[in-house]
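First up is the structure itself, then whatever we jot down about it.
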Amino acid sequence: MSRKVAIVAVAQTKYEASNTNQSNSELLWEVTKKILEQTNLKFENQVNSGLCIDKIIHCSEDFWQGRTISDLTLHPEMGGYAMDVIKVAADGTQAVYHAAMSILSGHHDVILITAQRKESETVRSSIENNAFDPIYLRPLGFDFLTAAALQATRYMHTYGLTEEHFARVAVKNRSNAKNNPYARREKAITINDVLRSKMLAYPIKQLDAKPVADGACAIVVASEEAVKKLTDKPVWITGLGNCYDAHYPGDRELSHSEALSLASKKAYKMAGIKNPRKEIDLAEIADEYSYQELLWTEGLGLCDEGKGGELIESGSTEIDGKLPVNTAGGLLSGLPSGVAGMAQTAEAFLQLQGNAGARQVNGAQIALVQGTTGPCGQSHCVIILNRRKGEIL
Amino acid sequence: MSERIAIVGVGQTYFKSRRPEVSELEMVNEAVMAALENAHLTIKDIDAVVVGNMELFEGDYQVDMWLAGGSGAYLKSGFKVQTGGSTGSSVCCTVFDLAATGEFKTILGIGFEKQDEGSSQASLRSIHEDVFFDVGSSGKSAATAVQSVALDMMHRKSITEEQVAIVRVKQAENAMRNPNAHLRRKLTVEEVMNSPKLAWPLRVFHMCPTSVGACAIIVAPESQVKKISNNPAWVADWTNIHGAIQPFYGSITPSTVSTPLGPMWAWSVEQAANRIYKRNGITNPRKELDVVEVYDMATWAEIEWWERIHLCERNDAHKLVEERATWLDGDIPVNPSGGVTSTNAIGASAMQRVAEVAIQVRGEGSERQVPNVKMGLAVTAGGDMYSAGVLIKKSL
Amino acid sequence: MNQKAPDENLYVEQIIELPFTESAGKYISIFLTKIRDEGKIVANKCPVCHRIVLPPRIVCAYCKVEIEDKPENWVELSDKGTVTDCMGIDDREVDAITGEFVGTPNPILFIRLDGGDEWTILGHIAKEMDASKYPPGARVQAVWKPQKERQGKTSDIQFFQLIKE
Amino acid sequence: MGTVKPIIHSRTRRWKYTRYAGHTGSRFLIELRDNKRIMGTKCPVCHRVYVPARSFCYVCFKSMDEWVEVSNEGTLTAFTMVYQSEPSYPVKTPFAYGIIKVDGADTGFAHIIGEVNPKDLWIGMRVQAVFKDKRVGSILDIDHFKPI
């Protein structure tokens, strides 16, 4: 593979519990505008030749606006007129994956990726119910919370993890969020606060779950030739992998994530990573529910299976630990679903650039981003970012 | 481009208005199995699966999750893409990008719609319905958009109502040669001209049906193609373009009214074709192309697209009818498959345009085969003002 | 036991119900507030191409630049205008769940409002049922609901009626 | 034009669908409705028995034509007690969901667990299907699984 791809710019809005001041399209324009200002890029239809944004990948799903082809209401705010636009209907990591692949295809040079969502405007559970088999699962009422709760009890049963292990994740990530200017402001919490918060579906409590959030994120990825003209501090995407698992929770051993294991192996192979535990300096992991950070860390091979509890107890995933995880606060600090994977990619980018402010992890060179789509991690996407160009790619 | 790519397998279900005997998953699986059989591959040979449909048409959120049981995506790469009427061609463009990286052996793309399960009308209506712009939004957008195109064509003396009926009859004849097509009934010019008016000059028989069905394609990079097929359909170029300036906002639907740039739909179709022509040195499409598949949501649209993709000069569409140039035995056959006016399962329709050109290039069209196809073009268009252009060749 | 296709095709009747509480955001809120409180229709104007954007938006889709919220970028349009298109509703759509008709039976008008340009076309409904009364070029004017009934929606305008000038 | 208070309106979007169960799904539901039997399908290649019955083994990518009657009893492999109320839940909270490996099946059957106290739920417990009296051909014809 001769071509290389890097992230050259990111932009985020503040992620709020409810943003009634901006519409979906106004949120989106906020990030598109920031990108245009940062990069001085123009869109393909605005220039005769040379460097320009030549494709837009938007990440959203019609359900969240209750509108078929919902992106039609948003195109002006992503610069969509007279452009190659495609919509990825999955987590934001999949949009980054698509964009990076489109650059590697040689068919594109600079791609703008955008995502926005206002979860506060509707009911998440009622949307998620429709992701299940319409005959065997949907009438039973499942949503992502209850499916995740089944996975959590299975995980606890198989490896002896406790609710306290999960609570530690929630405390760590919410504590990391205090140094993230894009995160909502909340008071610090303790393990006891988590354990005593309202039970949603055993063992998941209010503070174990991702809160409702509104916000937007945009990312620009570019080919090697374009990167030189755009930034001195690119962050290279050296590894990509994604994978589906089986749909029915009963068909899977829920305490083991086969799909994530395969997705990460693809990404490691592409990035030439032989020993992820040694080589990866920080990880952004989809912690929609607190137990997931631990289960996915295992699936990624960043710790042994069943050792997620020991990992969080050891403190090595704290911001000053050996493998900081979710340095900006993760989904638990309030990222909108869909946007989440892009926000986590943006955080890894800022960290590797050395622009993460008070939450900066010193000397980080290789970061991993993982995102998930569907019930209890049915589909995973893994992205490896590197300050230096990968050797293998 | 890093790797040259080719379509090595095409599979379709047959299309009908209702299929209560199969679930959505079972239907999608039929198309996947047909594509695998056509490519002489098994699911083990597939590395990635990309799925596309319209979420609210069947009411499935993240439908690729449930479908993983029948699409073959289990333990494979992939994700879902969705645009609108052009979803199928968006899936194609994504699959082509992925294939051209050389990172995958083969990739499966799937477009489908099971409209007998859903409320297509209510889902379409939801494009316009808005809590703030809450009046005047119950318009039948597809019909009125076509009406504005049709009125314009009549005004320009590009075509007569009778000629439109003649073209519709051509489509019916083509569909009768396509075993998968939905409407396979002989039509006469009188029947078409006497069919009920929808929005004059648009008539019921001009419009596409509501169909149920699925389409799948298998794409591979050059390094794999040689191992798989001695008859690949090379994908020489592809592009996707979006043309909306004024967004849909409640009752304000500028795709249906003339803007200073003309109707928005037509604009994106023309741009998609122009890009393909420019990048591939095509200066006389009618002469250089051997077959064309367009997204003819109505017969009027097919004829408008002839002009927009430069098969004839502006206002000269009637000449193509007089010369029967776009008929199966003409010099530039358009929609030998019967097109969207014969079969329209939304998420599949735009993919079928690409798939049908690949079928023609591979010489697998049986009764609908155009002789000696070396190069064909698929151009799609959705009410979403997305268009794609895909150029397919017998050899590169 | 061998598989025999069942004689019945079973199905699940599924109703999706999604409640939304939406904010119009800044620009549309300005537009709707003017309609509700002052009975005025406002649009904004792209500082680059000078196209008038209705309803107002934060960005000009064509130039891809922000239309800032500055007095000089706002334009007040008349509530009178010229019909560019009229669409009769021949067979009304029935809602599959409630069994009620969807929308109003009145023809839908596309109206180029005075004070705007070729882009400023508002979709609204006609007062009378007969679509042939609204040929392209017909002059119409908004009939507003009484102030206290207005909610900040485009239905604060009851309909458009023909005017003689 | 300065600041205005955001205009906020509510609406409910509703869509109605008819989701066909397909040939295998129909047969499975008819067996629940008419015979109170739980049926699975068996893969001719890997011999796994899928419950609820599927038309297709997604692992071997083979159609499954062989039907197998499985037990109404099984073992709980995962559970949750749901307290938060959501419109999609068919019963009032608190209630329990579980995954049940019914005897004779190789996959778990996700369903509602009833007649049990939250504290008495444990992975490995034996449960049994309780059918509704009035059955219509739905997955909810099994009202719930109860502890044995």
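Note that the chains are named A, B, C and D in the order they appear, and that numbering of residues resets to 1 at the start of each chain.
Here is the rule we use: a contact is a pair of C-beta atoms (placed from the backbone, for glycine too) under 8 Å apart; a residue touches a chain by one contact, two chains touch by 3 or more.
On a predicted model such as this, the values are computed, not experimentally measured, just so you know.
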item: Chains in simultaneous contact with chain A and chain D; value: B, C
item: Most remote chain, CA-based centroid, reference being chain B; value: D
item: Interface with the most contact pairs, given as the two chains involved; value: A-B
item: Centroid distance [mean C-alpha coordinates] between chain D and chain B, Å; value: 37
item: Geometric centre distance via CA averages, chain D-chain C, whole Å; value: 44
item: Whole-Å separation of chain centres (CA-atom averages), chain B against chain C; value: 30
item: Interface hub residues of chain A, defined as touching at least two other chains; value: 20-21, 25, 63, 66, 75-76, 80-81, 123, 126-127, 129-130, 134-135, 138-139, 246, 248
item: Multi-chain contact residues (two or more partners), chain D; value: 6-11, 13, 15-25, 29, 58, 87, 138
item: Contacts with 2+ other chains: residues of chain B; value: 20-21, 23-24, 56, 59, 68-69, 74, 117, 119, 122-123, 126, 129, 131-132, 244-245, 247, 249
item: Chain contact graph, described as a line, ring, star, complete graph or other shape; value: complete
item: Footprint of chain D on chain C - complex, ascending; value: 1-6, 8-26, 28-30, 32-33, 36, 42, 69, 71, 74, 96-98, 151-153
item: For the chain D and chain A complex, residues of the former touching the latter; value: 6, 8, 13, 17, 19, 21-22, 25, 29, 50-52, 58, 77-84, 86-91, 97-101, 107-112, 118, 123, 138-140
item: Touching residues on chain A, where the partner in the complex is chain B; value: 1-3, 25, 61-63, 66-69, 71-76, 80-90, 94, 97-98, 101-102, 104-108, 127-135, 240-248, 258-259, 262-263, 266, 270, 373-375, 378-379, 381
item: Chain B to chain D touching residues, read off their complex; value: 19-26, 29, 42-43, 56, 58-59, 68-70, 72, 74, 114, 116-119, 122-123, 126, 129, 131-132
item: Residue ranges of chain B in contact with chain C within the complex; value: 20-21, 59, 117, 119, 121-122, 125, 131-140, 144, 148, 199, 244-247, 249-254, 256-260
